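Each of the two complexes below includes chain A, the first together with chain B, the second together with chain C.
On to the complex of A and B.
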């Protein structure tokens, strides 16, 4: 199954095989675990060198949990995670320094991810000291060039995070990640907290850095316009389950997984009228997810009664490198969800223009 | 027509870098000056005290205040003013040492258990609560009574008895910081717990620590004075305020000064410390966390 999802053109560096994660803690005395539905359930994907994989899904779909698991900040309940020759199931405290250096994570909110009591220069210098043993004096030059790399004035090194704007702060967070000379960057909603112009600057910056360094990126977002513009491949996540994986241009064109189609319709497009109420099932999650069958079944407009709620949907390869996990045949999906293509095409066109 | 130029005027940004103490309320500034005066008196004691503090019969017993003995003399004819001046040394040194001990140990402990959480937090907190549930005066009398009274031991005992209180407050302050992403980022880099506590957490709880140090100073001074009065502090003939009050109380009908002078010194010192603490709390306290650099 994994082999199918994998892109053929690029040698994958990051392998996630059948990853499951649970938010639960054994009770202090009884040791009994309460059964909660997994936040991430049997997810597999791979990211190649120099590739950007976008992980999309609504909030609570497990996107950030996956990133945190890869970074070793959250334990995997099951699955195999590898990066190059390294085993990623180890918690970060037990990982080799080299592995910690190679994988860097950037968080959504730079106000929280930068220590407000430290000057920007010392924030960026910290990984230099930790991973390369540079003294404060030696790292000064390196900090200046990192600030230049993220297009910030070098005298910002003397400032505190509170003295610069939110977009600039996120660039400091990027500079800190780059200081470790990573080969995989985990970007957890890094532009969601920024205004649109700051978003564009950050994304262009990451793009140019990526072309220079062949950095791999796992780009977590809920913004489909950003995905369309920024990512090479997309993985669509619904409540911890992967629904669809493929190259951006294929995922954004029919056939769609019914959930992907719903996501694309949910993107507000200026000038497009809302569809009839009965047609647009709300993607909002109301009940706890089913334990059997397709996770999306209760929300799905094209549910096959008696099948979708009871049996796990199979992965179907609809094009090279493009797979959809659904009980419906590709041809059926094409026919049923193709209608959404109108809206999606509008959306994609809007994204390309901006 | 209204004058709109006021809207265009850019107001100078309040200088954030201004020395924090300048923003203290007036009461705290006055209290701060009083504390400085106490410190000066304590440091300059040999220069300003008119007589050696422990020398007996520099005058006759129970002399009333006069030009020669500004605060009179005690039952052994010792100069009350000189003894009171020297007594400030003992109390400031012991109070400061006790507060410093409780703030540093309690601060480190609070930061560690607040950061690590989990079972360590549960166990450590229950143990601290057990210590706090025992009245500290009984605890102190037990320790000092069995190990022998001496100034360093009293300071250490009083300091250690305050550790749980400091740890509890610092733990709470730490918990609110520990969940922030810069701590997660430090973990992801592979920083050790010690480095996270000292480098990432400590600068964010300094306000709380300063306030706790201040609170503990006032508390320790009173506590140490009380122990001295009970005879479990400095031993005679040391000029110790608590001890002086105890020694003078039997002959209070002969002269009130040997009791009044150290008692007034203690009262003013504790009041000043408390007023200063109050001001510091307004600057650095929980509500203002993050407001001061």
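On to the complex of A and C.
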């Protein structure tokens, strides 16, 4: 399965093999650890140089946990993580400075990730001092050019985070990440809180930086409309389980994993009012995922009784580099999910373009 | 029908100022707007354009650092500025309701969900006994798609995720069956499935009741799914208002056009500069 996902033209740099993560707290009194279901369960993928892999899924699907594990902020319970020749299973404080420099993470909320008592200039200068040993005087010029790179006026260096808008703060967070000259950027819902014009500015900015530097990105989001145009490849995560991986063009076209199909249907169609609510609410998500069978079985409209709840679904390669983890065969998925409204919608769009 | 008869809430030539470091700055300028009976009106604009201030003024909220310099806000013929605090509270509790932007923060952290509902429901349905109150709360919670409503009643707000807190806040507003529901960014930051659930619920309400809604959001795609009309706000003014299809598909104001153009859409490719290098050649989809 891992080999399949890596069969892209680009040489992969980040390798995640069979990663599992678990949040478990020892009981307050007994000290016993209760067995919680893993937040990330046997996830494998790779990100190539200069490539953008989008990781999509609902809140609680384990997207952020994966990013935090790669950044060394959360321990992996099992699995192998490598970046180039570096082992990523080490926590961030035990990683070599070079590795810490190469992988940078940007969080959703810049209000929480920027120190509000520091001026923007000193926020951006910190990685310059840390990784390149630049003095304050030397870093001034570099800070100015980083501010220019994220299209902020250079006099913003003197301001405090509270004195600028949310979109501008997110650009400061990006400038700080870029100051380390990373080769892999972990972007955790970085545009979700911003309004559309600020979103467009930031996406365009990241794209132009990527074109210049061959930066790799793990782009975590729940906004499929952004993924559709911004990513090279996409991995769909459902409650800690990967269910579909492939190039964006493939994943956004039939056959779909039943969950991907559901996610795509949930994206609003711009300019079309819905006159009816969806076909009843999907069955309520139970608080813990099933321990056997397919993680998505309880919500799946195409579940095969007696199979999906008991047996782990196999990975099926449906096209080069495109894999779906489902008991249903590609031809069945094509027939069942390909007719879904979204499939038709995207194909019409594709036909109009060509 | 006269304007007054089919308008539930009317804002006429409203100017609102905020005081900052001793100086008054206007954040809403000469704004006129009406929410019609039974309609869902979308109010869109970027952060800082005054949307949330307008929502707060429509609720009759009064704050020291803010003043209504000119104009009026009328709800069903009642000028909100003439009401005493107690009358305003009664109006807000029964006929006017708000789901605030950060719904979770509006839930009293020390009260269990069951008590929050009991408090709200008792004000509106004084005849209900304990069992009826609990049953009604469960009904409302399952209506907003919260898993395990019975268990939820015994839990505290912090035991729910942000999206669930938002839905609880919505359920609390809905159990009053207000004439006008003001929703301030109810789906922002929520993932696609949660957003779908909230939108489905609002559509069902729209079909089954005559509740009017003012839906404040910067997410034009979501607004287009449920709104009858849309108003676009920019720098404290309404720059364009009309039927949803007219405003979003045939925008006339340059600001609306720019806003519409910047929306990421599943169907339509954006500026080619946004595409990754590997995808700048024409895309071919083989089914």
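Rule of thumb we're sticking to: the second predicted complex is superposed on the first by the 318 of 354 C-alpha atoms of A that agree within 3 Å, B and C clash if a C-alpha of one lies under 4 Å from a C-alpha of the other, contacts with A are read in each partner's own complex, and residues count from 1 in each chain.
One rule holds for everything that comes next: contacts are C-beta pairs under 8 Å (C-beta built on N, C-alpha and C of every residue); 3 or more make two chains touch, one makes a residue touch a chain.
Predicted, not measured: the structure shown is a model, and the values here were computed from it.
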Contacts of A:196 with chain B and chain C, given as first, second, both or neither: second
Per-residue touch tally on chain A - higher for chain B or for chain C: C
Touching partner for A:116 - first (chain B), second (chain C), both, neither: first
Chain A positions touched by chain B in one structure and by chain C in the second: none
Residues of chain A that touch chain C when the two form their complex: 10, 50-52, 57-60, 165-167, 192-200, 203-204, 207-208, 210-211, 222-226, 228-232, 248-249, 252-254, 262-278, 281-282, 284-287, 334, 338, 342-343, 345-350, 353-354
Residue numbers on chain C that touch chain A, as the complex places them: 46-48, 145, 147-148, 161-163, 188-197, 199-201, 203-204, 207, 218-222, 224-228, 244-245, 248-249, 258-259, 262-271, 273-279, 282-287
In the complex with chain B, residue positions of chain A that touch it: 28, 71-73, 92-93, 95, 97, 100, 104-105, 107-109, 112-118, 126-127, 130, 160, 176, 180
Contact footprint of chain A on chain B as seen in their complex: 119, 122, 180-182, 184-185, 187-191, 200, 203-204, 290, 293
